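A, B and C label the chains in the order they appear, each numbered from 1.
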Amino acid sequence: MSDIESRLIELGITLPQAAAPAANYVPTLITGNQLIISGQLPMQDGALKITGQLGNDVSIEEGVEAARLCAINILAQIKRTLDGFDRFERLLKLGGFVNAPASFTDHPQVINGASDLMVSVLGDAGRHTRFAVGAAGLPFNAAVEIDALVEIKA
Amino acid sequence: MSDIESRLIELGITLPQAAAPAANYVPTLITGNQLIISGQLPMQDGALKITGQLGNDVSIEEGVEAARLCAINILAQIKRTLDGFDRFERLLKLGGFVNAPASFTDHPQVINGASDLMVSVLGDAGRHTRFAVGAAGLPFNAAVEIDALVEIKA
Amino acid sequence: MSDIESRLIELGITLPQAAAPAANYVPTLITGNQLIISGQLPMQDGALKITGQLGNDVSIEEGVEAARLCAINILAQIKRTLDGFDRFERLLKLGGFVNAPASFTDHPQVINGASDLMVSVLGDAGRHTRFAVGAAGLPFNAAVEIDALVEIKA
């Protein structure tokens, strides 16, 4: 078992079944030594777990949990695509969209829910670049959407 | 004539003259085996065709058509940059921004207008990763803006 | 002294001390011949210089200056990461987020503040692809946030 899978167990995180390709877009693609991951929503047990707007009907704590769930779904996509974590090299980038009105300004704190989870699970290989911005709305009223770029072993 | 150009004809799609470099930013750049394409708006015959906000003054059907026009402009940029489609390998990613208020939640349905067009024209090589999010506003009040990343033959 | 550093002096631009890694995300990562730069805010002298919304409490001129400051911080990150500009090859992409309500439609003019600065400093190597979109809000109420992708010498 890989270090990453051991850490997931230690942290009590069970990766969900990653959503399989279902339309004309796909959840992941490999190009060269990069794995590109489509925007992930805060899904849990097959349902969208946290909906609404930060600074409105979603608290910071719930927003952090939403970002953490997006990160867990990103990990599930990595594991499905690479058939485990042996070919995972490191996380390069997270693109963080927070569903929030103009009055909300704590996007970094929310997206830290994903950044912190990634480093907890992946160690130094989880340190990544990112942006964190406000979205005027998100699919199905999700509170957070995060996409990702990963470096893989050739 | 390439398969891609045949399919464009079958689908009755005429690619527009791609906007040429006009400022300190450029519509496309090639780096290694990747072609990066700047955000494209729903332009047709040199004019912005669909303006306004989804869930407000733009219907889902118009939003889908706006995303389709963005995709056609992306194809025009690919053709101009590569001087045809012979060096086109596959579409890697679309970044979809939908001009909409917080109450709108059907961003995926809108961006499917681009995703579906890409697979109609490009076949399996058109299957891509993507994100679809709400923008608080877009240039010149465009309804949709989409950027793209393409893999090319070395 | 590199051409780039000469031009910075000619333009009277002093690059700030780039923010060092401080959390579970990092300001920059190198992968292959690419340098990925996290979203930069309009910081000057260690403080966020321009806050608020375009089309509301921030003028176009202030928005342009905010974008210019984001670009200067991107240059500072390039210089810190590469220990100067000798390994800099060219700027590939800027991702421009403008804090603005739906009524604002001049995002390109605002982000030109960054695009123009890049070409002033970097010459032809500063011509880049980009997107410019409206964000419903930005971290700490920043007026603009811009991330970047750079090609470096192998």
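Keep in mind that, in the parts below, a contact is a pair of C-beta atoms (placed from the backbone, for glycine too) under 8 Å apart; a residue touches a chain by one contact, two chains touch by 3 or more.
Please read these numbers as outputs of a predicted model, since none were measured by experiment.
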| item | value |
| --- | --- |
| Interface residue identity across copies chain A, chain B - same or different by half | different |
| Chain B onto chain C, rotation angle from CA fit, given as a multiple of 5 degrees | 120 |
| Distance from the mean Cα position of chain B to that of chain A, given in whole angstrom | 25 |
| Multi-partner residues of chain A (at least 2 other chains) | 32, 101-102, 134-137 |
| Chain A to chain B touching residues, read off their complex | 21, 23-29, 31-32, 36-39, 53, 95, 97, 99, 101-102, 134-141, 145, 147 |
| Residue ranges of chain A touching chain C (in the complex, touch as defined) | 32-34, 92-94, 98, 100-108, 112, 115-116, 118-119, 126-137, 149, 151 |
